[in-house]
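Below, subunit A partners subunit B and then partners subunit C, in two separate complexes.
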Partner chain A sequence: MKFLKIIFLISITFSLYAGEYAVVVNKKNKIDKISKKQLKNIFLKKRHFIDNQKIVAINVSANMPLRMKFEKSILQMSREKLNSFWTKQHFHGISPPLTQSSTNSVKLFVKNVDGAMGYLPKNLIDDSIKVIYEF
Partner chain B sequence: MSFKLKTILLVLSVSLIPYAVIMILMGSTLKKEYTENTLQEMQTQLQLNVDRIEQYLKTLNRDMHFMSRMDVMNDIYSKDLDKRISYLLMEKKKDLEIEGDFYLFDKNYKIIASSNKNILSDSKKINKFIDVEIISGFDNTKIGNLILDFSLKNFTKFFSNTKSRNYYIIVDKQKTLFLEKKFSNALKVQMPLKNKTNIEIVLQEDKEVFQNILKEYEAWFYTTLFVGALLISLIALYFSNRLIKPIISLSKAANIITNKKDYSYQVDVNSNDEIGKLSHSFNTMITSMSNVLDELKAESENKIKLLQEQSKNEMLEELSSNLSKYLSPQLYASIFSGEQSATLSSKRKKLTVFFSDIVDFTDTTDTMESEDLSELLNDYLNDMTQVALKHGATVDKYIGDSIMLFFGDPESKGVKEDAISCVIMALEMQEHMNILHKRWINKGFTKPFKVRMGIHTGYCTVGNFGSENRMEYTIIGSTVNLASRIESSAIPGEIFISEETQILIRDSFETKEELKITPKGFKRDISLFSVKNENKKTNKIILNEKGLSIVYEPDLQDATTKKDLKKTLEEFITKLSV
Partner chain C sequence: MRLIFFFTFLTTILLQAYEIGRGYKLHDALHLGGYFSTDYSNTKEKSLFRLDDVALLAYGNLNNELSYLIEMEAAPFYTYEYKTEKETKDTYFHKERLYLDYKYSESINLRIGKQITPIGYWNLEPINVLRETSSNPILSSEMFPKFLSGIDIYGYIPSFDSISYHMFGQKNKDLDEEYINIKNKHFFGLSIENESNFDFLYGGSIGEFISEDNKRSRYLSFNLKHDVGLLNTQAEAVISNIHDNNTNKSDYKIATYIQPIYRINSQNSIVARYEYFKDNALNIKRNLGLLGYSYRPVYSVSFKGEYQIHSNSNLNKFIISFSVLF
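Presenting the complex of A and B:
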């Protein structure tokens, strides 16, 4: 029943939220799942650790549609709002997440760095990385 | 060695030697200093360049450190898939304009990125000139190394090489790089880099160029030395000549004076120094010498003149003394004193004339040898003349055995006194005959002479008679004739005087009228008196001197007159003794 309940929930999730992109982490990372709020906090550098694991957030280049999709669905902030946010954060010594100019390099980065967390199109996902969120 | 040469040498040595010593010392010091200065300058230049190189390396290092801290270095994790690091390194290389390449190594020394498009696979071939660690921005761990493969050629842009000076690099003390030109002989300075001590920068200067400069300098130096020495020599010559000139002119003057005996020569005196003083003293000495010589000359001339005169005088004296024997002393004296001039002149004067002769002389002479006779005659005349001169007579002449003389010219005591003197003389002559007789008898002449004498006083013409060439001082006139007549009338051994004379002397002498004669040419009778040898009275005193005539007859005096006379005489004596 419980198993069914889980499958049901997953299927609902998939049916409801299943999208083309996924948030990935290094395989060594103990996190399996992450909430949208947690994601938002990490990518706005409000939070650095999850379960004692230091998280290194990786963005893609600002002009990529993936980045816009991520900002829209996860951060839920417009570019203007984000810019003013990071400008403010800059005065507190906090810089925005690292960027990689290609999804492949994001994948490689996540694969090589333990605490790295990035987002990729689903078709790039393989066994070398772990998906913890989809959108 | 002459004094001139000595002086020149002295002046030269005093001026030239210190000059040469100073110049040579200065020259060697300058040479040394030039070398030192050059080295110093090279050292400074090298230091400057090394400083620049080090600054450059420091800048490089800092740049690389900066790069190593960039976020993009995190792309090491993604193996620089996006070529963002490679692009950065390439840009940096272009920016820095360096020879060499940047390399990015990961933790396993695998090359991730490079400024070189042809990435070398063999990391061992890369020279890690600068190696900077890359620390991850998010977890502070080393994620790789940024390496600069740096070519030392980059340093050459700091080298300002010239013809004679260039830089090169020695690595590990053996490998020489970028040596453009090799000099056979070079001055070198070298300096290691502070952080790369195995790299030494060397600056070398061609010693030949350096030596050429030195040679040029030396040529200049020797020219200066030579010209200076020449100048000093000329000045020394000039000054020593000036110094010696007065001395030379002094010696020349001394020579001229010695050779030419020209004591009027003078040295030019131009200076006020010691030599000038010497010249002045020399001139003074020569002048005084000349004066002394002139004086000596004048004196010797005077002496010669004097001697000549003296000899002339002596001759004259001798001559005149010889002559005087032919003249009466009075005449002689008056001629020589200038009273009587040797001209034909005459004057009238009252004189007492005396004649004497030897009775029967002719008869006597016939019986005698002429030698005996002349001896006898000369003896007689000599003695008589002595007596005559004693009484102041002027012997006029000898006429054979007869003597003619007179009183009253050229000297006269007065007519009366002259007459008295004449009578006294005659009496003495008669007396002297006795002495002669005795002498002659002793000599063997047995027959005695008798002499008769005649005296007359009267006016005569006295003076020089004869011609201009031969003249005689004598008296003429009837008085002379009469005197002669009286004499010839006299009794042998007696003295006969005329009445005129008798009147003058009768106060002093006893006279006796003997006879009267009428001589030839005389119209009147002449009374003749004889004079006796005795005085009239025994107590009678007769004094007949020049300026004093006393006839004292005591019989004519009484007691009172005698007293007066005594008083007068005492006064007279007092007057005499004044």
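Presenting the complex of A and C:
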């Protein structure tokens, strides 16, 4: 019985830590994996290339829980800090990543644009796009 | 009736495309914005009101690799001196920045035109609304030309993934000579920065320029920024060897500052700054400390107040300012 309890606890722990979401790119993209730091650089537009592939980062709308989760887990920045960051970038002539109003449009964008990179719930992912990071 | 319909339509379109602090995004190739700042300062000698900067910005992506930025600024737009009741206006819009950016790869990118000189931190965010103090440190105006009218090659150094560089040069007049702190026709430099940690950045620069009065300056600078929790600290130091080609004499200049900012919350901050400046050739030595307060109802709108204490008490100064990036 004690053994079963341990197994149960371990499986609960694993399910809590397994990512519900994934960062995805176009199938043709040569990138197979990416680090959290690279992701942060790409979505803050500090960097524009990975392995000499020009990347186009795609966000979902600011009020979607998925966006909030991405900002918390990957960018690790509060909304206020992000606002101040993008205000400063406006002065430098840099605008935030493109935004799509739904996860389906993100998927479609990534599927059709070679350098596109977005994030989606795992249940929307199929063979038409490539997963490079889970969170 | 048609006119009313047209203006209603236009306003609706513009409002939809507008976000405060981010400008109008009319198209990926055209973002419009700008900023202004006003301040009131008081010293023993004078009380001054200024509408200091009035600037308009346009930028965008022309294609996947090519982008541009244009900034036109009038400063000081309007000043009023209370004791003498003297009023001045300068409504001519100067070319503050005008450049093309070509993004070729992670390690090699190109910027051509008039641009902010990529040295340190302060110089890169020089406008009132982006700072936490109304005033600038002496370092920002005395040690190197704020703008470069030339070429900057920049990117990340291959094999040193987190180290970025800027290698820049100018061998001509500034694109708008009336609008630069140090007029020159010769300016070359290299800046590097370690970005391995988002919370702790540090770097340095070396370079050389020859000013209009035929003095050659060779500078070395260091800068660091630490931003963790509620405390942000930024420090820069520049030392410069100056050779006067007319008299064949050499001397040196030093400027440094350290500025901690304590964020009470997302809208309110307390700021302090200590500065040291020495120009050996002119026998000028200054120490300055300031304490200030910053309030931002939203990030792109800033109200600030500060009091400066100088080693020469005649220079002690009180400043309040209001600035907006739109």
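Everything that follows uses one rule, which is that the second predicted complex is superposed on the first by the 118 of 135 C-alpha atoms of A that agree within 3 Å, B and C clash if a C-alpha of one lies under 4 Å from a C-alpha of the other, contacts with A are read in each partner's own complex, and residues count from 1 in each chain.
Everything below uses one rule, namely that a contact is a pair of C-beta atoms (placed from the backbone, for glycine too) under 8 Å apart; a residue touches a chain by one contact, two chains touch by 3 or more.
Nothing here was measured: the structure is a model prediction, and the numbers come from that model.
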**Prompt:** Which partner does A:A116 reach: the first (subunit B), the second (subunit C), both, or neither?
**Reply:** first
**Asked** First (subunit B), second (subunit C), both or neither: which does A:S35 touch?
**Response** neither
**Message:** Let me test your reading of the model: by the given contact rule, A:S128 touches which partner, first (subunit B), second (subunit C), both or neither?
**Reply:** neither
**Prompt:** Is it subunit B or subunit C that touches the larger share of residues in subunit A?
**Reply:** C
**Prompt:** Should A:K54 be classified as contacting the first partner (subunit B), the second (subunit C), both, or neither?
**Reply:** both
**Message:** Tell me the contact category for A:S102 with respect to subunit B and subunit C: first, second, both or neither.
**Reply:** first
**Asked** Between subunit B (first) and subunit C (second), which, if any, makes contact with A:K88: first, second, both or neither?
**Response** second
**Request:** Using the superposition described at the top, list the residues of subunit A that contact subunit B and also contact subunit C.
**Result:** 54, 95
**Item:** Footprint of subunit A on subunit C - complex, ascending
**Value:** 21-23, 25, 31, 33, 35, 57, 59, 64-65, 67-69, 101, 103, 105-106, 124-125, 127, 130, 156, 195, 198, 266, 298-300, 325
**Asked** Within the complex, which stretch of subunit A touches subunit B?
**Response** 54, 56, 95, 98, 100-102, 104-106, 108-109, 112-113, 115-116
**Message:** So in the complex, the part of subunit A that touches subunit C is made up of which residues?
**Reply:** 40, 46-50, 52, 54, 78, 80, 83-84, 86-88, 90-93, 95-96
**Prompt:** Which of the residues in subunit B come into contact with subunit A in the complex?
**Reply:** 71, 74-75, 77-79, 81-82, 84, 137-139
